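Below is one structure, written out as C-alpha cells; comments come after it.
So that you can tell them apart, the chains are marked A, B, C, D, E and F in the order they are listed, and the count of residues begins at 1 in each.
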Amino acid sequence: MQAIDLIRALLQAPALLSWQNAVMIAAGLILIYLAVAKDYEPVLLLPIGFGAILANLPLTGITEGEGLLAVLREAGVANELFPLLIFVGIGALTDFGPLLENPRMALLGAAGQFGIYVTLLLALLLGFPLRQAASIGIIGAIDGPTAIYVANKLAPEMLGAIAVAAYSYMSLVPIIQPPIMRLLTTEKERRVPMPYTRRPISKTARILFPIVTTLVVSLVSPQASPLIATLMLGNLLRESGVVDRLRMAAQNEIANVTTLLLGLAIGGTMNGELFIRVETLYILGIGLLAFVMDTVGGLLFGKLMYLLSRRQFNPLIGAAGISAFPMSARIVQRVGQEADYRNFLLMHAMGANTAGQLGSVVAGGVLLALVTQILGG
Amino acid sequence: MQAIDLIRALLQAPALLSWQNAVMIAAGLILIYLAVAKDYEPVLLLPIGFGAILANLPLTGITEGEGLLAVLREAGVANELFPLLIFVGIGALTDFGPLLENPRMALLGAAGQFGIYVTLLLALLLGFPLRQAASIGIIGAIDGPTAIYVANKLAPEMLGAIAVAAYSYMSLVPIIQPPIMRLLTTEKERRVPMPYTRRPISKTARILFPIVTTLVVSLVSPQASPLIATLMLGNLLRESGVVDRLRMAAQNEIANVTTLLLGLAIGGTMNGELFIRVETLYILGIGLLAFVMDTVGGLLFGKLMYLLSRRQFNPLIGAAGISAFPMSARIVQRVGQEADYRNFLLMHAMGANTAGQLGSVVAGGVLLALVTQILGG
Amino acid sequence: MQAIDLIRALLQAPALLSWQNAVMIAAGLILIYLAVAKDYEPVLLLPIGFGAILANLPLTGITEGEGLLAVLREAGVANELFPLLIFVGIGALTDFGPLLENPRMALLGAAGQFGIYVTLLLALLLGFPLRQAASIGIIGAIDGPTAIYVANKLAPEMLGAIAVAAYSYMSLVPIIQPPIMRLLTTEKERRVPMPYTRRPISKTARILFPIVTTLVVSLVSPQASPLIATLMLGNLLRESGVVDRLRMAAQNEIANVTTLLLGLAIGGTMNGELFIRVETLYILGIGLLAFVMDTVGGLLFGKLMYLLSRRQFNPLIGAAGISAFPMSARIVQRVGQEADYRNFLLMHAMGANTAGQLGSVVAGGVLLALVTQILGG
Amino acid sequence: MPTDLLVGLQISLAGLAVTFLVLGLLTLIIRLLRWIFPAASARPAPKEAQPEAMTEQQREETAAALAVAVSLLENQPKRPDGDPALGKLLEP
Amino acid sequence: MPTDLLVGLQISLAGLAVTFLVLGLLTLIIRLLRWIFPAASARPAPKEAQPEAMTEQQREETAAALAVAVSLLENQPKRPDGDPALGKLLEP
Amino acid sequence: MPTDLLVGLQISLAGLAVTFLVLGLLTLIIRLLRWIFPAASARPAPKEAQPEAMTEQQREETAAALAVAVSLLENQPKRPDGDPALGKLLEP
C-alpha cells in the first residue's frame, strides 16, 4: 500500500456524512447560536449543541464504547446522577423566603403545571404511546433536570429532544409569557396593587422547611423523592449556615462541572439517524404548547384567587407559578408595572415562582408514579 | 381504574413506613440538629443525617439499583475512593511543623490509640466476632476516614454506625476530655511549664517528611499504605510549594465535594431494618469508651514522660495524642491554662495531635493487617 | 500464634521489595526532585513520581482490584476521560488570537511534528513493532494529553514511560531548544526584524474558529476528533463569553482535579517488574531525539519561509511550532533578542506555538488512524 | 385509542389532584412552621452563619494569644521578636 | 524488517502530508472567517461578555428599585426604614 | 470464647507494639531529616512558593515589555497607542 492510498483510505469520513448528520450539525450550530447570540440558557444549550455536532461526525467513535460522550452518558445520565447533582446546586442557590412569607402562593405552583396534562392528552391523541406521551408532557414542567430525570426513565430515546425543548422554552419566557398575560387579564386586574410587607421568618423555620418538605413530598410521591430530596438538600446546606464549604461546593463546583458534562452527554444522544423523525418535530411543537398552557393554567388560577380574595389579588402573579426561576417572576413585575408604575409584584411573584419549582418536581414524580403504575399493572 | 383509585394506589408510602424507619428518620433529624445547633462536625453529620432520612422513606428506590445513594456508595465508598480523597485534602491542610519541631511527641500519637485495643477486647467479650470487634475498635482511632476505610473492609454492615460514632465522638472532645484530664493528673502536673522555642525546619526536611513517612509506614504496614499515602500526598502538595493549583484543588474542590457525597452515601446505609438492633447500641456505647480509653492511654503515657523527663513534661499533652485535630490540642491548652495562666502548651500539643493523626492511620492499617492475617490463616 | 509471631508475619513487605521496585522508587524520587527543585512540569511530574513510589511498595494492593490507583486508572485513563478533560481546561486557557492574526503560522505547527516520524522510523529500525514504534513516535508531539491518549490506545504497557518522557521533555524546552536554534540559523537570519501590527479579530470569527476547526479536523481525521473537540470546546467556552461559570470550572476545578488524579494513575502503572527493561531506556532516549527533530523540522521550515518571503521571515519562529506552549514562544523571543535587542518575535511565535498545539493533536489522530488501519487491514 | 385517552384523562386528573394536594400541604406546613417557630419580636439583624465553635475557637485563640504575649514578655532575651508563623499555626 | 520500515516510511509520508493538509486548511479557514466576519472598522473596545439578558435584568431591577422607592414613600408609616434584605432578594 | 479473647489480646499486643514501633521510627526519621537538612543559620524569611520559572518568566516578560516599548517608539505613526490586550497575551 502506498502513502497515497493510505491517505485516501484515511479520508473516508466526509463520504460517510449522511444528510441527517448534516441537519443535526446545523441544529447544533443553531443551538450554539441561540446560546451565544441570544443568551438562551447558554450553560446548557452551548454544551448540548457542541455535543450534538460531535455525535454526528462519522467514525469518531465518541458516542460508542469508551468514547467520551458514551462514558459521560453512563457516568451521569443513565443513572440520573447529573440532573440530581444539579438540583443540589439549584437548591443551594434558591431562597425560599418569599414563599415562606406568602404560603398561599404555593397553590399557584400547582396550577402552573397544567400544561403537563394538556400536553400528555394531546400526545396521546397524536398516537404516542403512554410512556412517550408522559415524557412529552413533562416538558410542561419547564424544568430541565426534572424533564431529563423523567424522560430518561420513561422514554430515553427522546431524551435529547425533550431536554432541548425544556431548556429552550425556559429561555423563551420573556417572549412568550407577556402576550398571554395581556390576553387573559383585564387592565383592571393587572392594576390590582398588592402591598408587600416583609414578614420575618425564623432561622429554625427556614431550616426545617427543606427537611419537612422532603419528608412530606417523599411520603406522598416517592418517585419524586430523589428530585425533591436533592433540591431540598441544597437548600438545607444554604439555610443551615454551618456548612458553607459544602454549600459553595454544591452551587459552584458541583453545579458547574455537572452542567457542562450533562450538556455534552445529552447532545451526544442527538444522532441524526435517531433524532430526525417526525416525532421530534411533534415533541418540539407540543412542548411549546405545554409552556403556553402552563401560563394559562397559572393565570386562570390567579383569576380565581382574584375573585376569591374580593379583587385583592393580582392575577398576573399566577403566571409565575411555572418553574422558570426567576425569569417569570421578573416578567410578572414588568407587566404589572406597565399597567401601573407603582405596582410592586416582584416579591409575591417570587413566592409563586419558587412554588412553581416545587410544583414541577412534584408533578414530575407523580406523573412517573402514575405511568409506572398503569404500565406495570 | 378511576382517577380516585389511582390516587389511592399512589398513596401507599405512609402505610409502608415501619417503626424502624420512623426511628431512623428521628435519628437523622437528631444528627442534623447536632450538626446545625451544636456544630458537631456539621460537614459530615448533616449529610449523614439527611442520607439516613432518605434511606428510610419507603418506595423511593434511592438506595437500590441506580438510585442516587446506591450510585454514590458504589462510586466512592465500596472502593474506598471518597475517604482516601478526603485524606488528600486533610493532608493538604495539615501543618506537621509542630511535630517536626518536637519529634518526641510522635510516641504520644501511638499511646492515643490505646482505646482501639481495649474496645476490641470488650467487643470480643460481648460476643462480637473478630472482624466486627476490630471494626468497633477502630472507632478508637477517632478518625472518620480511617474508621470508614477499615470498617468497610472488615464489616461493611456496620459502616453507618461506626462512621456516625467516629464523627460524633470527634465532636465531643471539648466535653469528654477535660474531666478525664483533671481526674488523671494532679494540679502540680498540670502546672508544669513547657517553654516553647520555635525551631526552624528546613524546606527540604518538610518536603521529605511526607515522602519518607509514606515509605516507612507502607513498608512496615502495607495495609496502612493507601491511608498514609493519601494523607502524605496532600501534605507533599502543600509543602512542595510548586503545585499550589493542586493543593487548592485537594483542600477545596476534592475535599468538599467528596465530603458531601460520602456523608450522603454513609447515611444511605442506615436503613432502619438493618440498623436498629442491639448491636448498634453496643457500637455507639463501646465507641464512646474507646474515645475515653484513648484519652486515658495518652495521659498515662504523658505521665510516664513526666517521670522520665524529671518532671519537665506536662502530662496533659498526652491527651492530644488522639487524632481529633486540632480540637484536642486546644483542649490541652485550655486545661493547662486553667492550672497556670502562663502555661503555653498549644504548640507541643499540636505536635502530639498531628502525631495522633499518623498514629490513627498506622493503627488502622496494622489492625486491618492483623485481622486479615488471622482470619485468612 | 503468639503476638511476636504476628508481628513477624506482619513485617514481610521489606523482604519482598525487589531491586526493580527500589530502582523505581528512586526514579519516583528523582521525578519529585525535578518537579520541586527544577520546576519541571510539577503539576504532573510530582503526582507521577508519587504514584510510581506507591506502585512499587509491596503488598499494599494499591494498584490492583479496588485499590486507589487501579480505581483511578479505570475511571479516567483506560477510557481516556482524564486527558480529554484536561484538554477542555487547556482549551479554555489558550488564546488563539495570535494565530488568527497570523494564519500563515499554522503551517509551522505541522512542521513542528517532524520528530514524530523520525522517531517512529528509528524505533522500527531498533526492532519495536509498529504499534509500539508509533507510541514512541508520539512523544514527538511533545504534548502530554495527546501522548497519553495515543499510547493508551496503541501500547498501554508503555504508558508510564511515554507520559514521563512527554512531560519531562516539555520542561526541557529552555535547555534544549536554544543551542539547536543557534546551530541551524545564521546570525543574519536571527536578526530579521518582524514588525508586529495587531490586527483586530471579530468576536464572531473567534467564536467560529473552534467550531469550524472541530468540524474540519474531525472530518479529515476522525481519530483526532475527541482530542481536537475537547480542546476546542474549552476554547469555545472561553471565547463565547456567555458561560464564564463553565469556563472557570473547566480551567480550574476540572483541570486541577483531573491533573492530580491522572498523574497518580500514570505513576501507578510504573511498576518496576514491568517498567525496568531496556525498552524503557530506548523510549526515554528516542523521545529526546523526537523533541530535537521537532525543533529541527520547525527551523528548517522556518528557513524555507525565510527564503520564500524574500528574507522577511525570521526562521527562529519555526522552533515555536511544537506544542510546548507558551515556553517555546518565549525561547524564540529570547534568542531573537540576543541577536538584535529590538527584535519582538513573541506574538508571531505565539501564533506558531498555538498552531503547534493543533498540529500535535492532528498528528496524533492521524498516526492513530494510520496505524490502526495498517494493523487492522 | 379512546381507552388510551381515558387513561390519560385519569392520569391528568389524578396528577393535578395530587400536585395540588402536595402544594396545599406545603402551605399548611409553612404556616405551621411559622406558628411554632416565630421570628424573634423585632426583626433580628441578619444573623450571619457563625457556628458556636467559632466563638469557642476565638476564645481559645485569644487565650493562646495572651499566653504567647505573657510568654514573650518573660522570655524576651531568648525570643527577640514575634513569630509571624505562629498565627498560621493557630489556625484551625 | 525492511517491510516494516517501508510501512513506517509510508506512514510518515502520509502522516506528514495529512498534518500539513489539515493545518493548511486551517490557514484557509482563518482567512475565510476573517474575511466573512471582519472586525468592526475601528478597533472596538474589548466587549466584555455581558449577555443581553443582563441588561434586560438590570432594566428590570431598576424598575423594581423605583417601584420600591415609590412604594416606600407612599407607605412610610407602615415601613419606617429601608429593608436591607431586599437587595439580596432581588438578585437573580 | 477464651480463644477469641486470647487472639484479641495477641492482636492488641502486636498492634500496640507495631504502632509504637512505627511512631518511634518516625521520631528517628524526623531527627535524621533535621540533622541532614538543617535550616539555614538564621531563620530565613518564609520563602513563598515561587518556582524558578516564574523569575525566568518575569525576566522574559520584562524583555518583551522593553521590546514592545522600543518597537512602539520606532513605529509611533503606525501604532498610535499602546495595546491593552498585549499584557493579556503575554500571560503564560
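Quick note on the criterion: contacts are C-beta pairs under 8 Å (C-beta built on N, C-alpha and C of every residue); 3 or more make two chains touch, one makes a residue touch a chain.
Fair warning: this is a prediction, and the values are worked out from it, not measured in the lab.
Touching chain B and chain E at once are the following chains: A, C.
The minimal number of chain-to-chain contact steps leading from chain D to chain E is 2. Using the average of C-alpha coordinates as each chain's centre, F ends up farthest from chain A. Interface comparison, A-E versus A-D: the higher number of contacting C-beta pairs is recorded for A-D. With centres taken as mean Cα positions, chain F sits 28 Å from chain B. For this pair, chain D with chain F, the centres built from the Cα atoms lie 35 Å apart.
One simple way to say how far apart two chains are is to compare their mean CA positions; for chain B and chain D this gives 23 Å. Of all residues in chain F, those that touch two or more other chains are 9, 11, 14, 18, 51, 85. Counting partner chains per residue, chain A shows two or more touched chains at residues 1, 6, 10, 39, 42, 198, 220-221, 240-242, 253, 366, 370, 374. A complete list of chain pairs in contact reads A-B, A-C, A-D, A-E, B-C, B-D, B-F, C-E, C-F.
Those residues of chain B lying in contact with chain C across their complex are 78-81, 84, 88, 207, 211, 214-215, 218-223, 225-226, 229-230, 233, 236-237, 240-243, 245-246, 248-250, 253-254, 366, 369-370, 373-374. Of all the residues in chain F, the ones that touch chain B in their complex are 1, 4-5, 7-9, 11-12, 14-16, 18-31, 33-34, 36-40, 43-44, 47-49, 51. On the side of chain F, the complex with chain C involves touching residues 9-11, 13-14, 17-18, 51-53, 56-57, 60, 63-64, 66-68, 70-71, 74-75, 78-79, 83, 85-86, 88-90, 92.
Contact residues on chain C toward chain B in their complex (touch as defined above): 1, 6, 9-11, 13-14, 17, 25, 29, 32, 35-36, 39, 42-43, 46-47, 50, 53-54, 57-62, 66-68, 71, 252-253, 255-257, 259-260, 264. Residues 1-4, 6-7, 10, 38-39, 42, 95, 97-98, 174, 195-198, 326, 330, 333-334, 337, 341-344, 346-347, 350 of chain B touch chain D in their complex.
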